[in-house]
Amino acid sequence: MTTTTPPPDAPEAPTNRPPSMHRVRDWAKRPYARSIMILTVIIGFLLLPLCWLILAAMNQSGAPASPIMEDIETTVFVFTLVSIPITAFVFAVLVYSLLGWKHVSGDEVPADESPAIRSNTIGVVLWTVVSSVLAMFLVVWGLMELASITANSYGTVSADEQPGGDQALIVNVTGQQWVWTFEYPQHGGLTSDVLYLPKDRAVYFNVTSKDVIHNFWAVELGVKIDANPGAITQTGVTPNKLGTFNVRCAELCGLHHAYMQTRIQVLEKDAFDSWARESGAGRAT
Amino acid sequence: MSTQAPEVLSPTTGESMATVGRRNTLALWLLIVADAAGTIALLISYTYLWSLNVNGGWAPPGAKLTAVETNNDIPKHMQGSFAPEWPFWAILGIVILSTAAMWWAYRSGKAGFQTALVTGSVLSLLLMLAALIGQWVQISTFPFGPSDGAYASAVIVLCASNIFHMLIVIFLLTGMVNRSRRGLINQQNHYQAQATTYYMTWVSISVLLGALVTTFFVVSPNTDPAVFGSFKQMSSSSAEVSPAPSSSPSATPSASPSDKASGKASDKAASPSPSAS
Amino acid sequence: MTTDVTASAPTGASAIVFGAEVAQPPQHGKPGGIMRHLNFGTGLLTGIVMAAVAGWVTAALTPTSASNATFAPDEPEYVYLAVLIGWVIGFMLGMGAFVGPIRWLLGRDITHADAEYMAGKDLGVRRYFKFTTDHKVVGIQYLVVVMVILGFGGILAMLIRTELGVTWAEVFSPTFYNSIIGTHGIAMIIGMIVVMSGPVGNFIVPMMIGARDMAFPRLNALSLWLLVAAVVCLVSSMFVGGIQDGWSVYYPLAAQAPPGMLGYQLTIIVFAVSTAIASVNLMTTILTMRAKGMTWSRTPILVYGTFAASLMGLYAFPFFQYSQILGLTDRIWNTVFFNPVEGGSVWLYENLFWLLGHPEVYVILIPSMAVALEIMPVFLRRPLFSFNFAVAGIVGVVALSGLVWAHHMYMTGWAPAVNYPFMLSTEMISIPVGFLVLVAIGTFWRSTVWTRLPLMAIYAVVFNKMIGGVTGVYLSDVPADQYFHGSMFVVAHFHYMLMGAGLFGAMGGIAFFFPKMTGRILDERLGSIGLWTAFAGFQITFGSMFVAGLQGQPRRVLQFDDMFNISNWISTIGAYVIGLGMLIFLAAIVHSWRSGEIASSNPWGSKSLEWQTPTPVPLENFAVLPVVTERPYNYGVPDPYEAEMDKKDGDLTTVGQVGPR
């Protein structure tokens, strides 16, 4: 094994190590390094459309209908964007390793061995710094967005000092096997199995369950919270688009879990009020 | 190896018994880690339910009678209260005595007093049997059954875990008595006695932890728990507050659940039925 | 003084054990004693008889004892529970698991001849059907059991995809569909937990560290046969209503479940005991039985990996086990731990469950990654790139694994404030996992690739791991998880991790160690076809499952809106391709095992200890215990660039020496 000559791209004078910047510049001149960088860029650009394709898939049943869902989509977009370079680099190395570097096949243990690189300070430090910085960025971004959606779902304020006051609509969401029930305490305890919401008005949900754990998922509104028996969970949203949206149960709740879904109807304020009046009156009689 | 005359060798692997002993002791510590994780899971369950007092269901019905007005619906057998605390400590005392006896037996055996080793093991075994009986008596005289609230469940399962530990110790101690009597545990080869004392020390600690939580975490700190089925609404200045969500939803379930849980739930007479019967 | 020992053994016999003359306890009867008459057949027989008797007695007793109790579960509950307990105890009794403890109790210690009989000396094929203590036999038994479990889970997976692919009709009743998703989940989890630490951990690791056997050979056999007993409980639950609540069996849904839930609970309780025993055994072996000179820096990475997995299993599994014990008492004793009406809490269950649930993911992943890192140096003919980083990665994952469980509970509303710290810890875990990717990438760097099946599987692993990792970052983020939680996206993500990285790594590992374990080379062509077919099917299935998740399809549903049809059709087609690929791979294993090319003792030219033994491996592994004098993975030619650095960190090899000298 010792007869193998050093690879042609290795520097001639190993004892005289050049400073780091020189080493990086030397390294960048090597043919495989250039190829991997190019490959990384190519794969990166091939992956780039994913940023938008993912959003397209998420929007298939309807565009975001609340600030929360907009935040969620921004986050997903940013995360996709940020993970593309590192993914592209890893894939580029895999591809180049299969196509670029030397190959041996057959049953015999190969005679020519690879360079015994036990470590590479620059590479290791670079990787650690880059991956830590990326992770920190994702954490910071995530924390900020979490604070934002928490504010938008009124989760940070206590029950007594919620914004909106009179304007806020309260909806008591109750899950039970296998239907959702929406109750409007401000409208005389009116109940409905379709979630009617006014546009541009804060809505608070008090979510609970009568039997097993369900998960109240208002898909296009970006609202998701468990409906637990024995507990009330609270969240909220301000719908900002008119239309029909979906509520699905996102926690296995037994036999007909798959069918535990209903509609959300976001109406203009006037339309909502008249709906509430009519339905409430209908209920009262 | 054969030159080292006093060294005892393992009959199966030919290694020094000292090496085998160290290895066994290490493995025992690791098993104690697993056992401790299980005990911690129980303690977490106890303290978690204690702190939440979900649906006001922590205390046994009898204990609640003092705070709330009398409820005639509560059956006679459920009118229990919290368990008295001294039996937990009495049992702990016996377990600690048993452990101390085994420690003494082990130290004596190590020093070459074979008779003391046997005597100590027998004493330890008898004490542990007494603790087992005591634990059994305690469980059977609790003023509540396992279904009388979260406190009752947690205490009974903690005691059951004590019984499980005691049975293991009794198995080990029976072996100790028999083996030390036959001279299989002696001055040269005593790691099994050592391991037994280590395990018993852990068992004492776990019984102690149980006694601590059952003594100091009795009345739930959550004195005003949301009662499931009639929970408070978020306050809102102009909102008409409805006291409870409608118990008959406008839509009927697509299939009626005829299940055990809701059957159980509807049996709870004290609070509104949450089941969709 | 010293005569005391032999005085207790009246015969005063001695035996030659590995060259030393050792005093023996008295021999009772023939070597092996009653173990001579016990085998898998007697285990089955005793198990079935005891199950039948227990069930019959319970059936006879229950109606009278429970007739006045209001909360009494149905009679079948008690009968089924009794049957299961009877089965487990009877099976272990019939296998001879209790012989050792009873002999210890009676003071009839095991002699060298007994131990040799129990290790399967001169028993031929029969030793695979007994309570055999030889770690190599246990390893093979584990391999077969694991393949059966994964095959069972795989068939269920095909049924699930069939149901989801047939969008125009219900193929199965909702009850049966729910029971197959639950059973598929838990069967696969159990299978994946043992797929590497079972066969490889038992067969290879003791040899890799230069030991003659595991530290506790009888515990080794015990852990295997407990697993078998547990798996029978799991399969039996299919016939009494099944596990209808997903693998996580959340309460109170699980309280409604038919008696099949008892099968789940018993399975987990027994399996956790098996795992604890196996973990303790493996950890003790690694800590105390490494060959002379095998310092921590000279210990192969796979040893670190199995050690880490054992450690996580050891502290995390009891939480899962106790969650099921409490669930069992809820069912049988009417305790109220998870019954919110009476003061129990559903969040308590979720916390206990996920305290295991997340470390368990790494219990599966770390051994697979470690096997990958073990394979790479051999086929790339070079040392592992940055061994220290590989170790740091594993240590980091272990350290963080216990601090991230609540990311499964972001959307439960349990405690919204803790979402912040758990998001932090969860995203931090990408850094140590990134170290492992770095080591893999660094080892591929500028290497000559020996394109054999084990290495090619590693390409698949790194590829899938990347996708699984990136999608994991989405899920670790609370805002994004608010959309993805409970959707098919989650399902696709963890299949990329557990199957894409875990199972493909295990396939590579099996291909790599196959020559040592069976004495034959795994058929390269057939194996590759199987691997790549499965890989292609895998990308199709779970790629389009990502799409279904993005569109908003909840998981564990049997029917869905028409908008999800196309992605589900594609997914189902892919699943059949995976099934085909796995069948081909299985055929390669079976074919090669029976009539494959005979392997030399070291077909890959590896330098680690396990390949220095003859094949088939003799009972005592090493005639003379080896001494390790150099770092692992000493392959490759000097790289001029690195020569200086290598010299520098070469001095560090003796740092941190622990264990026997």
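Read from first to last, the chains carry the letters A, B and C; within each, the first residue is number 1.
We adopt the following convention: a contact is a pair of C-beta atoms (placed from the backbone, for glycine too) under 8 Å apart; a residue touches a chain by one contact, two chains touch by 3 or more.
As the structure is a prediction and not an experimental result, all values here were calculated from the model.
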| item | value |
| --- | --- |
| Best-connected chain pair, where connection means C-beta pairs in contact | A-C |
| Reference subunit A; chain at largest CA-centroid distance | B |
| Rounded Å distance, subunit A centre to subunit B centre (Cα mean) | 42 |
| Inter-centroid spacing, subunit C versus subunit A (mean Cα positions, whole Å) | 30 |
| Cα-centroid distance, subunit B relative to subunit C, in whole angstrom | 29 |
| Numbers and ranges of subunit A residues touching at least 2 other chains | 211-212, 229-231, 234, 254-256, 259 |
| Multi-chain contact residues (two or more partners), subunit B | 54-55, 228, 257, 261-262, 265, 274 |
| For subunit C, residues that touch 2 or more chains besides their own | 252, 256, 340-341, 344-345, 347 |
| Partner subunit A, residues of subunit C touching it in the complex | 174-175, 178, 244-246, 250-253, 256, 340-341, 344-347, 380-389, 411-413, 416, 419-420, 423-424, 427-428, 430-431, 434-435, 437-438, 441-442, 444-452, 459, 462-463, 466-467, 470, 473-474, 476-480, 482-483, 485-487, 547, 550-552, 554-561, 563, 603-605, 634-646, 649 |
| Contact footprint of subunit C on subunit B as seen in their complex | 1-2, 5-6, 8-14, 19, 22-23, 26-27, 30-31, 33-35, 37-38, 40-42, 44-45, 48-49, 52-58, 145-147, 149-154, 156-157, 171, 174-175, 178-179, 182-184, 186-189, 228, 257, 259-262, 264-265, 267-268, 271, 274 |
| Subunit C contact footprint on subunit A (complex, rising order) | 1-2, 4, 6-7, 10-11, 14-15, 17, 32, 54, 57-58, 60-61, 68-69, 71-72, 75-76, 79, 83, 87, 90-91, 93-94, 97-98, 101-105, 107, 109-110, 112-121, 123-124, 127-128, 131-132, 135, 138-139, 142-143, 145-146, 148-150, 155, 207, 211-213, 215, 217, 219, 222-226, 228-231, 233-235, 246, 248-259 |
| Residue ranges of subunit C touching subunit B (in the complex, touch as defined) | 1-2, 4-5, 7-8, 15, 17-25, 70-71, 73, 101, 104-107, 109-112, 114-115, 212-213, 215-216, 252, 255-256, 276, 279-281, 283-284, 287-289, 314-319, 321-323, 325-326, 329, 333-337, 339-345, 347-348, 351-352, 355, 660 |
| Residues of subunit B touching subunit A in the complex | 54-55, 226, 228, 231, 233-242, 245-246, 249-255, 257, 261-262, 265, 274-276 |
